[in-house]
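Sending over a structure as structure tokens; questions will come in a sec.
Chain IDs A, B, C and D follow the sequence of writing; residue 1 opens each chain.
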Amino acid sequence: MPEDIIDLIRESVIQGRVTKDDEGLDEDMVGQPGMSELIEEALISGVDAQDIINQGLTAAMKIVGKRFEAEEYYIPDMLASAEAVGVAMEILEPELTRSGVKPKGKIIIATVKGDLHDIGKNIVSILLRGAGYIVKDLGNDIETKDIVKAVKKEKPEFLGLSALLTSTMVNMEDTIKALTESGLRDKVKIVIGGAPVSEEYAESIGADGYGADGFQAVAVVEALNSGTTGNK
Amino acid sequence: MIRKGLAGGSYKPLTPEAISKINETALRIIEEIGCEVNSDIALASMEKAGAIVNKKQRRVRLSPQKALELISKAPSEITLCGQDEKHDIHLGGNRVYTGTGGTALYIYEPHTDQRRQATLDDLKRIARLVDNLDNIHLFMLPTYPTELPLEQVDVNRFFAGLDNTTKHIMGGVYTHDGVQQVIRMAKIVAGSAEALRQRPLISMIACSISPFIIDGEYGDVMVAIAKSGVPLVCPAEPLCGATSPVTLAGNLVVQTVDSLMGVMLAQAVNPGTPVIFGSVATSTDLRDLKYIAGSVEMGLLNAAGAQMAQFYKLPFYATGGMTDSKALDAQSGYESSITGLLCALAGANFIHDAAGLMEFALTACYEKYVIDNEILGMVMRAVEGIRVDDETLAFDIIKEVGPGGNFVTAKHTRRFMRQEHYQPSLSDRNSREVWEARGKKTTWEMASEKVRTILDSHTGGLPDTVRSRILSEIKGIVD
Amino acid sequence: MIRKGLAGGSYKPLTPEAISKINETALRIIEEIGCEVNSDIALASMEKAGAIVNKKQRRVRLSPQKALELISKAPSEITLCGQDEKHDIHLGGNRVYTGTGGTALYIYEPHTDQRRQATLDDLKRIARLVDNLDNIHLFMLPTYPTELPLEQVDVNRFFAGLDNTTKHIMGGVYTHDGVQQVIRMAKIVAGSAEALRQRPLISMIACSISPFIIDGEYGDVMVAIAKSGVPLVCPAEPLCGATSPVTLAGNLVVQTVDSLMGVMLAQAVNPGTPVIFGSVATSTDLRDLKYIAGSVEMGLLNAAGAQMAQFYKLPFYATGGMTDSKALDAQSGYESSITGLLCALAGANFIHDAAGLMEFALTACYEKYVIDNEILGMVMRAVEGIRVDDETLAFDIIKEVGPGGNFVTAKHTRRFMRQEHYQPSLSDRNSREVWEARGKKTTWEMASEKVRTILDSHTGGLPDTVRSRILSEIKGIVD
Amino acid sequence: MPEDIIDLIRESVIQGRVTKDDEGLDEDMVGQPGMSELIEEALISGVDAQDIINQGLTAAMKIVGKRFEAEEYYIPDMLASAEAVGVAMEILEPELTRSGVKPKGKIIIATVKGDLHDIGKNIVSILLRGAGYIVKDLGNDIETKDIVKAVKKEKPEFLGLSALLTSTMVNMEDTIKALTESGLRDKVKIVIGGAPVSEEYAESIGADGYGADGFQAVAVVEALNSGTTGNK
């Protein structure tokens, strides 16, 4: 029974379905239980939350990642899967807290001042939630002082900054300087990304990591979290 | 997602008035000039069907009424069957299908930048390759096995096709006896004569000679095919400035007359027999009178030919998708795509020669089949066009997203992304960094890898019992 | 024989019903959703012209009546002039012209298979090259001089164009001050403000941001251009599945709304000002959200866009003829030709980006200009279509030649051969033997030779007096 | 005066105009005197026939040949020029005979048995006439015995044979054998051509020359005529 439902949870991640009304990647999935229904059912049946996470969600996301690398899955597929994981984690959170399991970490994310588009940042948010992080999205066109204020208040383990234009990229450097001036720089790992950003730029302004795309961004955060030094 | 049999016709190079004028001029030629018929049986069939025959000149003429009456006996819909039903092709209207063609004498090998003579083994391997290329819908026998004596060519070509792909096999034929043997072979594969009539697994081609000649041998072959009931293609190959006027309109007139002559002969021999109006019309290199296979004018001529076929309500066999280049360079890409696209948008039912051919159709190339499969995928996506309805207009989703928002996370995107957009099977869409890291492979190098993968993994072939019956009953097959 | 301004429209991807539905949905969005306008002067202009404005949200909406009224003030015919009158371009109806585009940051050099940063000198040399390529009718500034500070970019780009080709110069602009300086420069070249109004030698581009945003800086620039009377292009760049619905119909709706917003803003600022409805719509690589420049869907979107422009009676700026390939291989040939051909057949007035661009429009390439010039020659021949009249049908000549005859010796052939058939300027039509004897050159190698010949022999440039006046009056020009 | 008219004759070759009603390559030529009119006029004015040929016709055909090589001229242009020269030679013939000038030679030309198309052979005929030869064209699909008969009767310096198909090519070999058997082989130079024919094939069947195209065919005949050994 528990294995059956964990199979279904895995399939729900792979299909990227949150509720029973969602379409999956395969046709004719509508009507079958989605992630919300399955997790509720699993908890009622007494399945261990950590098992759901390890054998269900994490295992499934690995399959999704492989399909993405093989170019069978596109970003919208990946996002749907990550969203399903995010929903599962939300439902599981009280259970995890109850059993003393610590969340993986908190992340503040923002697109810097001057930039209006936020597609890349939104994707990273969804993927990080899918990876089990608590994500606080400040939005786009965010003033440096507001970013500093948020870091001070929320005390996140990570800060993600995004810029789309060469002309706004400089605001990343400003933000890091402002954090240093406020004495907060050492309390948070900073990961940056966006079209004009490069590995070299990240190093030059003293960021802790750089993600060329959303998936790399997640990988970098995971690496920094486990103590290795990102993609350097 | 395989796109085939989709309706073309959104492109119309000829106005209705132009179509009328071409038809009128063609009928006037059929009535006033006529065609020289050098086959006795063809001449007799035409006379019996009501043509005006001058036996001394061997000239056959028909009144417009008589001509249109004969043409109207030809079916306007023809199904060309594959051994596997999923490969069936329903020619007619403005539905579009693609296929190979030939007959090439050489194989070009891009690794060595050399060409060599084509063998029977090449034909088998190309059949296996095409069996795995989804955007090539029909297998027309594309090469001539240069090592075989003439009398073994027909049976070996068709056997190579039938034994290596379950797609429909179309082919030119070289001898009268070959026609009979090939039909016998097809009956064995189909199960019986009746089964072959119900599901024609093969079709045959017999050309007229532009301008206005039905050759003695080809005429005999045409009559034999028409009698058998196997679908017959009657193409004409007028070359601008050589065997037709240099003007495109004049070429269309000659192509129309010459192909209609074949259609009428087939109906005279066997009324109602499935016959396909065909065009191999193109321009000529007026420096040396070479047949040109990659000119934009060839695309225009064959697109316009599709409209003429639609006018006569006849299934159409067009020619497009070739190149005159000697290498798999940019020229090979733009020439193949321009002519193929023009034919397809006009609703040409079957675009032959659409894959694998280079340098004036003299030469086939494995890698080119894979490249053309990609071009044809794009071409068929263009034919599919733009679906406009409430679901695709997506007002509600647009309203929800609003100014400055994005659609990446919308379920609508995931629902439609695979069907609305052609998924490349060859084209490289990686950034230069990734492309360089993966070895800087150009199109033909990627195609080469695909050729190897397909040929290494292909399985299939005729059932053992059918195979051994053919080998014992049909003479001359080199197994 | 130069083919330009010929009428397209023989290809219609959208039915009249589909056009109506797209229009209705677009007008509904303009009324119900509207556009976020972040430029104060643009917002004020729209409000003054009768739009419903929510100042807090910076949201501008218009009733369908008001929208159509503003759109109708835009002229439906615009002449873009060259310094040499023979290069004048008469946009409108379904007449087709082609041109370059950009803005590329890199130059690809096929000899080394490397790319490098583009400089101002590249822009000058590309202008000289394009000045000599007949099938490229307009010079849109294609590269960004990466070595210059932002404030020097606008004047130097336009000066490089005006000083190196007598074709019309169109270009994107980066600063408000740049717009003013460039217009001042154009007045000097034209002779006076009035002369420039009579014969606009330059035109400028200012994009809206899909979906439904007019940016603060771009909005200010749009208003400045509209006030000046210099022709303005208002393109929108919706990307399927990213900044528009993934469906082509949904993308067309967003493109229509966003480009119409620019058109309406220009008419609100300066009624009757020449403004060009523009599309840079395309598909998105949903593996990494890259802008895709060589997809067949891009061709469909821009061909359909041409029909929408014809519906609104607005001149159209389409995008086509690019490739995502990193090399000058077969992919570069088929991608560039498919999108270019679709736009042209649909009667897109001005196809920009149609020459020289590779890999997602990031990179320009000298050889690619020459290759695309050949593709565009073929494309324009396709647009020209098939002339059907008594002279081209050639009944009398056909009768004279008769069955089995030939047309090589007919005077009719010599009379029409050069005009009926496109004369290749690059494609190789030699036999393999000749091709091998001449060094087995692929398309890009032949293109390379042509680049060298043209750049070595180019002469021209602004008259000395004009040149020195510009250099003394306009600051920041690097000569 | 004579130089002026020779200029006009040269231009008439270059434009490929036989009579005043002909179009030229350039527009608006209709109505200006063509080759027939010019030659008649030249003879009346007492211009030397040999000068017309050397300075007019031959000089102009060299220009035409160069334009063809440069791919400015196509076969129909070349044919129109050659036709104009042929017409000039016809008008000049009585004059040349009177002044004792020998014609360059007589050529019999035929497409062998089984071949229906004759485009290539017709082009060669026109070009040879344009080069000053007397050409007797037997036509196409010609029986071997009829070719032998014609050679016996006409006593030409050259025999040109054409084949379009691989299957009819063998009839060239038969013809050469038949001529040998009739004792005529040594009295005539044989030049062959056509799509399937090659240099090697020409050698193997004992022909004297091979022309890959119409222009090469003429060059080979010219070379054989001047005593050199063709293109071997």
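Heads up, the rule we're going with is that contacts are C-beta pairs under 8 Å (C-beta built on N, C-alpha and C of every residue); 3 or more make two chains touch, one makes a residue touch a chain.
Source: prediction; values computed, not measured.
Engineer: Taking CA centroids for every chain, report which one is farthest away from chain C.
Structural biologist: D
Engineer: Between chain pairs A-C and A-B, which one is joined by a greater number of C-beta pairs in contact?
Structural biologist: A-B
Engineer: Taking the mean of the C-alpha atoms as each chain's centre, how many Å separate chain A from chain D?
Structural biologist: 83
Engineer: How many Å are there between the centre of chain B and the centre of chain C, using C-alpha atoms for each centre?
Structural biologist: Averaging C-alpha atoms per chain gives centres 35 Å apart.
Engineer: On a C-alpha centroid basis, what's the spacing between chain A and chain C, in Å?
Structural biologist: Their C-alpha centroids are separated by 41 Å.
Engineer: I'd like the Å distance between the centres of chain A and chain B, where a centre is the mean of that chain's Cα atoms.
Structural biologist: Result: the chain centres lie 52 Å from each other.
Engineer: Tell me, which residues of chain C touch at least two other chains?
Structural biologist: In chain C, the residues touching two or more other chains are 209, 213, 241-243, 286-287, 289, 404, 406, 408, 410, 413, 417.
Engineer: Any chance you could list the residues of chain D touching two or more other chains?
Structural biologist: In chain D, 74-76, 116-117, 119 touch at least two other chains.
Engineer: Report the topology of the inter-chain touch graph, choosing from line, ring, star, complete and other.
Structural biologist: Here the contact pattern is something else, fitting no line, ring, star or complete shape.
Engineer: Dump the list of chain pairs that touch, please.
Structural biologist: A-B, A-C, B-C, B-D, C-D
Engineer: With touch defined as at the start, can you tell me which chain C residues reach chain B in the complex?
Structural biologist: Chain C residues touching chain B: 10-15, 17-18, 21-22, 25, 28-29, 32-36, 59, 113, 115, 209, 211-213, 240-250, 252-254, 283, 285-287, 289-290, 292, 294-297, 299-300, 304, 324-338, 341-342, 345, 359-360, 363, 371, 374-375, 378-379, 381-382, 385-389, 391-395, 397-399, 401-408, 410, 412-413, 416-417, 420-422, 426-432, 435-436, 440, 442-444.
Engineer: Spell out the residues on chain B that touch chain D in their complex, using ranges where they run on.
Structural biologist: 209, 213, 215, 241-243, 286-289
Engineer: Going by the contact rule at the top, pick out the chain A residues touching chain B in the complex.
Structural biologist: Those in contact with chain B are residues 16, 22-23, 25, 74-77, 79-80, 83, 116-119, 122-123, 126.
Engineer: For the complex, give me every residue of chain D touching chain B.
Structural biologist: Answer in residue numbers: 68, 71, 74-76, 116-117, 119-120, 213.
Engineer: Where on chain B is chain A touching in the complex?
Structural biologist: Going through chain B, the ones touching chain A are 404, 406, 408-411, 413-415, 417.
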